[in-house]
Amino acid sequence: MQFHSDNAASVHPRVWQAMQAADTMDMGYDSDALTARLDEAFSELFGVPCGVLWVATGTAANCLALTSMVPPEGGVVCHRKAHIEADEGGAPGFYLHGAKLMLVDGEHAKIAPQAIAALIDQIRDDVHRVQPHAVSITQASEDGCVYRPEELRALSTFCEERELGLHMDGARFANAVAFLGCAPREACQGADALSFGFVKNGAMNAEAIVFFDPEKAHRVRYLRKRAGHLQSKGRFLAAQILALIEDDLWLDNARKANATALQVGCNAADRLLHPIEANEIFLRLSANEKAELRKRGFGFHDWGENVARIVTAWNTREEDVAALARAVADL
Amino acid sequence: MQFHSDNAASVHPRVWQAMQAADTMDMGYDSDALTARLDEAFSELFGVPCGVLWVATGTAANCLALTSMVPPEGGVVCHRKAHIEADEGGAPGFYLHGAKLMLVDGEHAKIAPQAIAALIDQIRDDVHRVQPHAVSITQASEDGCVYRPEELRALSTFCEERELGLHMDGARFANAVAFLGCAPREACQGADALSFGFVKNGAMNAEAIVFFDPEKAHRVRYLRKRAGHLQSKGRFLAAQILALIEDDLWLDNARKANATALQVGCNAADRLLHPIEANEIFLRLSANEKAELRKRGFGFHDWGENVARIVTAWNTREEDVAALARAVADL
Amino acid sequence: MQFHSDNAASVHPRVWQAMQAADTMDMGYDSDALTARLDEAFSELFGVPCGVLWVATGTAANCLALTSMVPPEGGVVCHRKAHIEADEGGAPGFYLHGAKLMLVDGEHAKIAPQAIAALIDQIRDDVHRVQPHAVSITQASEDGCVYRPEELRALSTFCEERELGLHMDGARFANAVAFLGCAPREACQGADALSFGFVKNGAMNAEAIVFFDPEKAHRVRYLRKRAGHLQSKGRFLAAQILALIEDDLWLDNARKANATALQVGCNAADRLLHPIEANEIFLRLSANEKAELRKRGFGFHDWGENVARIVTAWNTREEDVAALARAVADL
Amino acid sequence: MQFHSDNAASVHPRVWQAMQAADTMDMGYDSDALTARLDEAFSELFGVPCGVLWVATGTAANCLALTSMVPPEGGVVCHRKAHIEADEGGAPGFYLHGAKLMLVDGEHAKIAPQAIAALIDQIRDDVHRVQPHAVSITQASEDGCVYRPEELRALSTFCEERELGLHMDGARFANAVAFLGCAPREACQGADALSFGFVKNGAMNAEAIVFFDPEKAHRVRYLRKRAGHLQSKGRFLAAQILALIEDDLWLDNARKANATALQVGCNAADRLLHPIEANEIFLRLSANEKAELRKRGFGFHDWGENVARIVTAWNTREEDVAALARAVADL
């Protein structure tokens, strides 16, 4: 009964099928027939022209997306809890050749134009200070919360006014769209580039970098190769992605994960640090309470002292969730 | 009848099986049970203690291996045709933060101590010149030829004397071992790190970086993460690698590829640019001759004017090879 | 009556003389007779063996010093107001290839072991988090305050325990030593490397990077060249430095600057944000008050709203200081 | 009687005067009155609008100039003997974040469009190969030879057609203009950026980066700071440069150096490796002959076996030159 993370969940059967169907000889790298379909498939999904690259990890997706917005001497505004700041081992510093992450705070790990303005208005535009070039937000956020379309509109208007790029880390974008019930582009509106996560949603090792200005994808193809992320059997990554976005499998999977998360939380409202809007639950639990749950066979990560993070996935079993909800209620 | 490259060949059935067997929930990143077995499995294979990391591509393997030997201000001696120089989109410059590749020539894309000495003896040790820190060789070479154990002994002795690290790009290491019929460590003796290729040998997207000083692996784990190469479902990479090295599947596959390569070349001795020692054949063919072969349904890459590269793989079909051999003989 | 900064003050006459005396032909780069004396001169000054390199700017000195402690994947703990964080245009990110600055707070821009511990104790040692490799402190601090020997002892003990390098940005190290009245090494005790500033203290464009483990200087010589900081007429930089450290000119200059700073502040105790321990005064002044001072001919920088920074130098004129002190008292 | 290099020659008296005249308090960094005159002074000199930055070294000038043309994933074509390739300790790799130098050959260390085309026409435009983004040439060349205006026209036309930037390393640009007797812009026509050297021509430590599209200078100002090359007393660098370009002092100095070089070479035509077009002479001399000259008190660098490099400067004494010419004739 593992609730550690959705990032190690099983691969969806339809993804397996798609991968196996891709196992016939084809051209190498990104010259295969499946990869060739990506731009169109995402353009259709989002209703606007897209340029799309696959990579194997979210870290690579985030960093490569940011290369299209941030020069080595520039800065990226993000939440203090952002994955690029806290969990990627300094990858943005590597990919952006020393560019700087500029941290802001915000409730539920979301950031607002006001917080960004408060930070960057202090930065005199002279050569002694690193200048901001982009904003990166996470949808759903590191606290499992979701930006509403109107919040995104405010952010993207702000970024346009300040001539800042807007990047969205969508490691759990599917969960956010499932929560919002809106069109996919509404859930990332104004973003110049989206790291569209599939690994947490039934894929094995494929994420998509979606550029809403398709020309921006061009240079990043060179950078992907230069970073060692151009797999020679890239067709298997394209296959995973296509399997998930076709017939809305990505949304079905996300809906299941979101639903089970809600179920875990429904009896624990007073323990919740953040509203459950995606598939992560942050529970106030004492050391003893955590130990008790673990004794009963539930696996999860500590999230600082007295907090536990519970994550559900597309394949979290109903009975495990029910058991966990009961166990929490019993504490 | 594709002979473009082994790098896009199908995945071996036993690799598929191993991957599917790995599809139960496990801990993320490199904390899974399969990854935990790698160090021991390779230590056994090579008969010396090894520290092993998986990555998805040979480019990442080569570059991460080199980070353990070459500081940003240093240089790496390699053959002018080396993959790191000619085919990785500048990845070593990225991973090594601007370190320099120092090019030497050598027949059949192999390099000898004399050639290295001729180059580096000219480099005065002062701060105006980039100083060499390592040598990188490819086994089997970019011309499909294999370093003999005595050649490797000479190289590693030379590197030791000059205090140079020795890296081996083993994208087709299996083919080299199959050709030599020696113990695996003999085929890479003296190397400090080996990029052990599996993708061209039946894997989907897993290569191993083998450090023969296991402590060297420690820092590279951080660099792998920082490069976005730490997959969260890493167990699938470990599974591929273990499936291939257990029961000598890697060698069986390489032997098949080597054997079919020989078959293609057996009637074309006068057209060969290099002896066939692995699974690549470089044939002198005029534009008309190439066109003729393509008309008959054979796919392959041009390798400069009047040369064609033919590559066989673990799953190259006997009948295709026979047809190609006949077609070449008929020209 | 300029009190903007000591960084643009005139060059001391004895520095001019030394530079002119150096204007005979000599060997280029750092092969001249003056540069050859640096190691010994500083070893004598500090009473311990030193390896010393000149560079033209404090930014280059800080960043090159840090290269000896921090790998690209690492982090440097510093105060939020540290020059390397706030005023160097991201230079540490460039020189350290993307390493991360980790910010702590502390009164008067000084940092204490407790603050560092509070930050780094949260950083789990795994590859997902950037690991701290060094601490950088500024002596005198960005608020014009001075670390006492016992504070430095505590910091260096802490760094040793945690295996962290200790770097000191000594842009105003002379002012700190003048304030403490101690031996130079006491004022930087435990530091592995010191950026010893001379530009603010009568030099034209020469700073010294002092390594207290002389072997550490070796690699940095290569990095200095690689950064374009090895001047071909380096003898002029060595000349400036030697002129200042010989006969204690550096201390005399610093004492004068410190003394005039105290004089400015003596009638303004209630306006001081920080004790005056070096040559910088931070005064609470309203916009109107600032305007009044400027109308009377005093030049200085705004330091946020309602604060002005006043800096004295080795050549600040007594009458200007007296006038400024009166003007402040008159407000 | 030193003929090692012009790079360590004395500072011209008028440069000293200008520096001393600059020694009054002024604003720091590049906000002083002298720096403010640079753009106009160079625009007048070249007859086209220029954006100009000072830096202390030619290495910094070359590398910062190239940042305006070459992204990290790109390449720079240059001569195998180019200073950026052979003598800058890998600085381009550092400043360009791993971009690649692509080497061509050419008589007298000059390169021609045909040689560049031969190299880059082999580079397939795909992500596996580093793509060329700029060409860098040296005027006068590393062999002391000068590109004629028609050669530059051919090069710049070629670069335009291929969408390559054109950089000129003008460490001895003055000597080239003095030789050509043409307008300065003719001697660098078509170049997008020029590293205009002054250090070898009477300055102490100031070079100018001249951008012929003034907008290109903007971003490089940030990069100069980030590289630690923004000196706080920058007025002293501006002073040096202005002293040299005003009243044609730069040309007078170069003419003197060129004239003495010719004098050295006039009796040694059969020993010359390259025509003497600037202030460098490359003489075939056996080890015995070198020893003989050194015994007589002449200092110079070996330039490979059996070759000596003799360099004259603005202040080379007539009698020393006469003595050297005689000594060579006597051999």
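Lettered A, B, C and D in written order, each chain numbered from 1.
Everything that follows uses one rule, which is that a residue touches a chain if its C-beta (ideal position, glycine included) is under 8 Å from a C-beta of that chain, and two chains touch if they have at least 3 such contacts.
It should be emphasised that the depicted structure is a prediction, and the values quoted were computed from it without experimental measurement.
Asker: Across the interfaces B-D and C-D, which one involves more C-beta pairs in contact?
Answerer: If we tally the C-beta pairs in contact for B-D and C-D, the bigger total goes to C-D.
Asker: From the C-alpha centres, identify the chain that is farthest from chain A.
Answerer: Max centre-to-centre separation from chain A belongs to D.
Asker: Per the centroid of Cα atoms for each chain, what is the distance between chain C and chain D, given in Å?
Answerer: 34
Asker: Using mean C-alpha positions as chain centres, tell me how far chain B is from chain D in Å, no decimals.
Answerer: That gives a centre separation of 42 Å.
Asker: Going through chain A residue by residue, note those that touch at least 2 other chains and give them in order.
Answerer: Expected reply: 72-73, 88-90, 93-94, 97, 127-128, 222, 225-226, 230.
Asker: Flag every residue of chain B that touches chain D in the complex, lowest number first.
Answerer: The touching residues are 72-73, 75, 86-90, 92-94, 96-100, 127-130.
Asker: Hey, which residues of chain B end up touching chain C in the complex?
Answerer: It is residues 71-73, 97, 127-128, 131, 219, 221-226, 230 of chain B that touch chain C.
Asker: Using the touch rule from the top, collect the residues of chain B that touch chain A in their complex.
Answerer: 2, 4-5, 7-11, 16, 20, 23-29, 32, 55-57, 59-61, 63, 88-91, 93-95, 199-200, 204-205, 222, 225-233, 235-236
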